[in-house]
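Right after this note come the structures.
Two complexes come next, and they have one chain in common, chain A, joined by chain B in the first and chain C in the second.
Up next is the complex of A and B:
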C-alpha cells in the first residue's frame, strides 16, 4: 500500500483488494454472531437471532424434508427423491415459474418501446398513457387486480407486469430515440424497408442496453413477486417467509433470504454473460 | 418526523427521568380499542400517577406488536391466548396474562358462498390467514363437524388480512373464507354469502388478553407490580365507563370507536359478538374456572400440531402454562405462560 491510499491514483495491491472487499461481509457476520450470542446468553430459547447451528439445522430440514402441507417422504427415499420433494425445492419452483413468466412478458414491452420510438403514430398513441401508467403505484391497485384477475397466478403476474413493464417500455423507447437518425437515413438510402430498420438496425443496437435495463429491474420484479406471494398464495418462497414469520421461524427465514439473494445474483450473472456473448462489441456495462 | 419524535423522546426522558417508565402496545380490535380511550381520556395517566410511574401507550399493527413484545421493546401488549403461547412464550420470553379482556363470541367466522356445507369444502378454495386463530377456528369447525380427516383436502390460500375482504369478494372461485370483524361484516353483506361457523360456537377458546413480560413484573424495585396494578385499575375504570347504559356510555363508546376510525353503530355491532368481561369479578371468575384449562389444552395442542411452538420444540409440554390454582399444563420447569388473577382480584376487591 502506498502513501495516500484514499487518493485517486492509489493502486491497491491484490491482497489488500481481497481483504478490503470481504471486510464488510466479515464485519456483518461478526456483528450478527455477537448479537445472537448475547441474546442467547440472556434467553436460550431466543428465536429472533438464531445461531449458525440453528440456521444450518433449519435449512437442512428445508432442503431434506417436505413442506408440512405435503405428504411425508417415505423413509426409503433416496437423496435425489428427498431433494425434489423438499420444501425448498417446492417453493423455489413455484417462485421461479412466476419469475420467468414475468420476465418473458417483458419482451413484448421492449418491442412496444421500440415501435413507439420509431413509428410516430404508435408513439403518439401510447406515450402519454404509458408515462401516466408508469407513475401508478401498482400495489395500491390490488383490489382491482383481484376483481379482474382472481387471486391465483394471473393476478400475481399482472402485478409484476403493471409494476415493471412501463419502466421497460419507456426505457426502450428512450434508447430507441437515442439511435442517431443519420443511421436510419443511411439504412433507408441503402434500400432497407421500415421493418429492416426497426429490427436489423435499431433493435440490434439497443438490445444490449435494453438487456441491461431489464437486469437492473430484476429486483423490482422480485419485489412485486414477493408482495404478491405474501398477500395471497399457496406456495412460493415469500409465502413460506410470510408463514414462518407468524411464529418467528427466523432459523429458516434468514437462510431463505440468502437463498433468494443467491438466486437473484445468479440470474443477474447469467444475463450479464449472455449479454457479453451476444453482443461482444458492446463495452459499456 | 424523526426529529420531532426524538425530541419528544428526549423531552419525555428528561421530564420523567426519575419515574420508571413502561410501554403498553395495542392493536385495533373491538376488545382492545378501549386502550385508545384509556390513554386519551387521561384515565391511564391518573392511575400511573397514583403509582408513581409513567405508562406510554403505543398503537401497532397486530403482527408488529407481537414482534415488538418478543423483542422486549415493549413491556405489555394485547394479544390472544394463542399468540401469547406461540409467540412470546414459545420464544423463551416468559409471559404473564394479567387481564382477561374478552373472548370472541362471533367475531371470527367461516363464511361460504352458495350455501355450501362443511362437508362440501374439501377440494374447494378457502382464503384465510394461515397459522392464526382463523385456522384454529376452521380446525375446530371441521373437528366438531366430524370432518377432521378432510381438513388437509381443503385448498387453503394464505391471504393477508388487509386484502382478504376484497380478495374474497373479487374472486368468485373462492368458495370459503375465514376471517374476523370488521372484515366479516363487510363480506357477509355480499349476496349469496352465508356464515357456516363462528366463534360463538366455541365460546371462551379465543381469548383476548393483556400480557406483561414476567421479568417486568418481577423487577426488583417493584415498579413492574405497580405497572400491572395501574393497568388493571385503568382498564376496569374504562370498562365501567363503557358499560354505563344510556348517553353517557354511548359517548365513551364513540370515543373508543374513534381509535379504530369506526362509527358508534359499527363498534356496537362488533361488541355484540365480543363477550367483554366488564367487571373484574367476571374476568377473574372466568380465569379461575376449570373451563380455561380445557380450552387452553385445545389451543396448545393445535399450536404444537401446526409447528407454531417452533421446530425445535419436541413436545407440547415444553411450553408449559401455569394456572391461578397453581396447576401446570406441561413440564413444571418450563413454565412460559402464566395466568395471574391477582390484579383482577385486587380490582374486584377495590384494593387498587
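Up next is the complex of A and C:
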C-alpha cells in the first residue's frame, strides 16, 4: 500500500467500508449491554438501563395491549383487532395525523414563496413580514398559542406552522429567484401567460429542490410537534415518552425513541424515492 | 417596416452610465441582421429592448407598428445559455410553445388536448430531423445532449410557434468552432426556408459576415458616451472565404477605433 490509510487519497475496500460504517452501531450496542448487565448485577430492580428482554416485553405490551383499560378490545378479538387498539398504534396514529396535517399546510407555503419570487407586488407585500416572522423563536410563542387556541390540536398544528413555514416560504422564494431569467423570457416568447410561467415552467423546475428543502425541514417539524405533544396532549408518541418518564419506564421509552427515528427515516426515504421518480431529469449538485 | 427603432437611449446604474444613445434603426421583414460589437457595448441590451424585457429611457421601439411592453409570441428568443427547460424532454421542449399558447392550465385535461398533442409531436419530429437530431434523441433531457445539440433544439423550439422575428443572443458563442460552422449553416438554411426575420447578436465578426444580409456595428465614441451605430453594412450575398479576412479586419478597425 503506497498511500497511508488515514490520508485523503486512501481508497477503502468495499468490505472494509461496510465493516467500518457499522462499527459505531455495534460498539454502541455492546457498550449499552455491558452497562445494563453490570447495573443489573448490582441491583436486579434497576430501571434506568433495561435489558433487551425487558425492552422486548415492554414493547410487546405496547404493541399488543391498550394504554387504558377501558379501551380494551373484546377478549375474543383477533390479532389485528388487538393491534389496532394497542398503545403504540394509537400513539403513532395520533402523531402521524398531526405530522401529515402540518406537511399539507406546507403546500400553501411553497406556493406563496413561488408567487413572491415571481410577482414583484406579492414579493414586496409579504417579504419583509415573512423575514420578521422567521426570526421569532416559535417555542417562545407556545404559551401564547395555548392561551389563544386552547390546548387542543389547533395550537399544536399552529406551532408547527409558525415554526416551519417561514423557512419553507423563504426557501421556495430563493429557489424561484434562482431560476435563470432566460427561462422566463423564453416561456413568454413561446406564448405562455403569467400563470403558465409560474406553474408549468418555474414550479416544475424548482419542485425537486423544494421537496429536498421540505425533507431537510422534517426534523424541525418533528421537533415542534414533539414539543407541543410533550407539554399538552392526551395521546401521541411524544406524550407517551413524557408520561413514561414519570414512571421511569425506560423499557418503553428507548424502543419508542428508536421507533420514531425509524419512522422519520422511512418518511425521508419515501420522499427521496418519490423525488427521484418524479424528476428523473434532476441531478443533485 | 417590421422593426422601427427611434432615437433610443438607455442608461444603467447610479449615477447612470449611458449604454445606448441615439440609436435609429429600421429592419425590414425577411432581413437577417447581425449586430456586432465588443463586450459591454450594449448589443444584448438592444436585443432585450426589441424583446420587450427591458424598456428604453427615451425613444420608441415599434415592432410591427406597435410598442410591446413584455415578451410575447411575435418574437422568438434563443439565448446563449439556459435556452431549454431542463425538466422537459427534447420533444416536450419543442412542442411546449404550441401547447401552452393553445391550451390553458386546465384545458390540458380535455381529450382535444391529447389529439392536438399528437399532431404537434409529429410536427416536432419533422423539425427534429431538419435540425439533424435522431428520433431516439426525442426522449432525452436537455442535459443529456451536447451544447450544440441543445442549441439546435432551442432553435427548433423557437421556430415551432412561427414567430415573425427570431432574436438570437450570442446563441453559438459557447460552442466549439467546428460545431459552430454547422450551426451557422443550419440557421442560414432555416432562414431561407421559413423567411423569418432574424436578429443575431454576436461578438464574432467572422460569424456575422457569414450569416447576415446586413451587419450592424455598435461602438462607443468615448468612454462616458453610449454606443451608437458605427457602421451599417449590407451583405447582398454570403461572403466567400477569400473576402472574409479583409472584411473582418476592416470591421474590427471600425469597432476598435470608436472605442478609443
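Throughout what follows, the second predicted complex is superposed on the first by the 276 of 285 C-alpha atoms of A that agree within 3 Å, B and C clash if a C-alpha of one lies under 4 Å from a C-alpha of the other, contacts with A are read in each partner's own complex, and residues count from 1 in each chain.
In this text, contacts are C-beta pairs under 8 Å (C-beta built on N, C-alpha and C of every residue); 3 or more make two chains touch, one makes a residue touch a chain.
Note that this is a predicted model, so its numbers are computed, not measured.
K.L.:
Putting chain B and chain C onto chain A via the overlay, clash or fit?
P.N.:
fit
K.L.:
Taking the superposition as given, does A:93 touch the first partner, chain B, the second, chain C, both, or neither?
P.N.:
The answer is neither, since A:93 touches no partner chain.
K.L.:
Is A:242 touching anything from chain B or chain C once the two structures are fitted on A? First, second, both or neither.
P.N.:
First partner only.
K.L.:
So, does A:276 touch the first partner chain B, the second partner chain C, both, or neither?
P.N.:
Neither partner.
K.L.:
Which partner chains sit in contact with A:128 here, chain B, chain C, both or neither? Use first/second/both/neither.
P.N.:
Neither partner.
K.L.:
Quick check for you: in the superposed arrangement, does A:219 touch first (chain B), second (chain C), both or neither?
P.N.:
A:219 sits against neither chain B nor chain C.
K.L.:
Which chain, chain B or chain C, ends up touching more residues of chain A in the combined arrangement?
P.N.:
With both complexes superposed on chain A, more residues of chain A are touched by B.
K.L.:
Have a look at where A:200 lands relative to chain B and chain C in the superposition and call it first, second, both or neither.
P.N.:
second
K.L.:
Using the superposed model, determine the angle chain B, chain A, chain C defined by their C-alpha centres, to the nearest 10 degrees.
P.N.:
150
K.L.:
A:189 in the overlay: touching chain B, chain C, both, or neither? Say first, second, both or neither.
P.N.:
After superposition on chain A, A:189 lies in contact with chain C alone.
K.L.:
For the superposed arrangement, tell me the lowest C-alpha distance between chain B and chain C in Å.
P.N.:
44
K.L.:
Residues on chain A in contact with chain B in one complex and with chain C in the other?
P.N.:
none
K.L.:
Considering the complex alone, what residue numbers of chain B touch chain A?
P.N.:
Those in contact with chain A are residues 63, 67, 70-71, 86-87, 90-93, 127, 130-132, 152, 155-160, 163, 166-167, 169-171, 173-174, 306-312.
K.L.:
Would you mind writing out the residues of chain C in touch with chain A in their complex?
P.N.:
Its residues touching chain A are 51, 53, 70-73, 75-77, 79, 81-83, 85-88, 96-98, 100-101, 104-105, 141-143, 157-158, 160-161, 163.
K.L.:
Which residues of chain A touch chain C in their complex?
P.N.:
Result: residues 180-183, 185-193, 195-196, 199-201, 204-205, 207, 279-283 of chain A touch chain C.
K.L.:
Going by the contact rule at the top, pick out the chain A residues touching chain B in the complex.
P.N.:
43-48, 54, 57-58, 61, 68-69, 142-143, 146-148, 150-152, 230-234, 239, 242-243, 245-249, 251-252
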